[in-house]
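Shared between the two complexes below is chain A, which pairs with chain B and chain C, respectively.
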Partner chain A sequence: MLFYSFFKTLVGQPVTVELKNDLAITGVLVSVDQFLNIKLDNIKVVDEGRYPHMLAVKNCFIRGSVVRYVQLPAASVDTALLQDAARRERQQPAAGVRK
Partner chain B sequence: MKDGTLIGYDQAMNIILTDTHERLFSSTEPMKSVPIGVYVIRGETIALIGQLDEELDEAADYENMRIEPMDAVFL
Partner chain C sequence: MDSFQIFTTSTSLVDCVDKKLLVVLRDGRKLIGILRSFDQFANLVLQDTIERIYVGDAYGDIPRGIFIIRGENVVLLGEIDLDKEDESPLREVPVEEILQVQREEMEARVKRDKVKNKFLSEQGFSVDNVEFGELY
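The block that comes next holds the complex of A and B.
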């Protein structure tokens, strides 16, 4: 759930999502769910010359399972806080999960 | 790649499209839009759902596009 919570803090930020077929899409993060499905607004395909297929698409929903990377604006990531949250999640594993 | 009108969906992301067309891109021929009617698509096989801006879509010069189809996401 950590990454879900983390992505929720990035709503409204510009991100670039790279899919497993190398297609990269930049847009404003609108929402994210528990599967890390992502909704983007105001999208632009990064290499439009090579991938003009989606030039008429302005907002989209991306299935979490096809995402390879999400590139984030460095300024909106608090790495210290993230590290701390990761440690805390390690200390208190989710209910029902055996160590 | 398909375009159509979304008329239904469920919690598994299965979707129903009407007035569906399959867009066939080719590096040697212009884009072909083949009407395929009503389509029920299993959620697992969907990579991305995008809303078409109809103005941009009408204005797009698909006839003169000679481009490779996108690579598969599901291997």
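The block that comes next holds the complex of A and C.
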């Protein structure tokens, strides 16, 4: 649940999601869920010449299981807070069990 | 399940229902259809689906009807902006032609990979073959 909560704080920020198939998409984070599925608005595909099928797409839903990286603006991350949360998570892992 | 969270930004696909979507699958296929239904695994029901094959600056469509897609194969769903779709720089070609071009490109790629793998293995690299089908 930690990263779910973390991503929720980033809703509205521009992020770049790199997928396991090497496709990278920049967009505004609209929402995230417990599976870390991501919804992006106003997307721009990095190296769009290679992916002509994405030209007419403005918003997308990305399945969490295919994400390799999520690149974030360094300014939006409070690393101290994140470290703290991770430490607390170790001591009491959240009881969030997925259905 | 989320009893501790009052505000959940749940990524629901309910806004995508009845919309024309592009679905990219793990095996690299691009399907375009109208989303009718989904579930928590991102299993999808697509109606009036066409499979669009892109090669170079051309594409070809194969009508497929109704698809039920198992969620684990879904990479992404994109909402197609109907205005932007009209501005596409790509040209549509008949299906037979695009399949032919795709086959040629596949054969060319297999040939290139064979040469590359041979060279690498001669240099002492271990060549792991990509499982066919998971080419994205």
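A few points about this structure:
By our rule, the second predicted complex is superposed on the first by the 94 of 99 C-alpha atoms of A that agree within 3 Å, B and C clash if a C-alpha of one lies under 4 Å from a C-alpha of the other, contacts with A are read in each partner's own complex, and residues count from 1 in each chain.
Simple rule for what comes next: contacts are C-beta pairs under 8 Å (C-beta built on N, C-alpha and C of every residue); 3 or more make two chains touch, one makes a residue touch a chain.
Since this is a predicted model, take the numbers as computed values, not measurements.
Of the two partner chains placed around the shared chain by superposition, chain B and chain C are both touched by A:Pro52.
When both complexes are overlaid on chain A, the residue A:Arg63 reaches chain B and chain C alike. In the superposed pair of complexes, A:Val11 makes contact with chain C only, with no contact to chain B.
Legend: residue contacts after superposition of the two complexes on their common chain; A:Lys44 is shown touching neither chain B nor chain C.
When both complexes are overlaid on chain A, the residue A:Ser31 reaches chain C alone and has no touch with chain B.
Of the two partner chains placed by the overlay, chain B and chain C both lie in contact with A:Leu19.
Residues 19-23, 43, 52-63, 66 of chain A lie at the contact with chain B in one complex and at the contact with chain C in the other.
The touching residues of chain C, counted against chain A in their complex, run 1-2, 8-11, 13, 16, 22, 24, 26, 28, 30, 40, 42, 52, 54, 57, 59, 71-72, 74-82, 84-85, 87-90, 136.
If you check the complex, the residues on chain A that touch chain C are 8, 11, 19-23, 30-34, 37-39, 43, 52-63, 65-66, 96, 99.
Residues of chain B that touch chain A in their complex: 1, 13, 23, 25, 43, 46-54, 56-57, 60, 65, 67, 69-75.
Those residues of chain A lying in contact with chain B across their complex are 19-23, 43, 50-63, 66.
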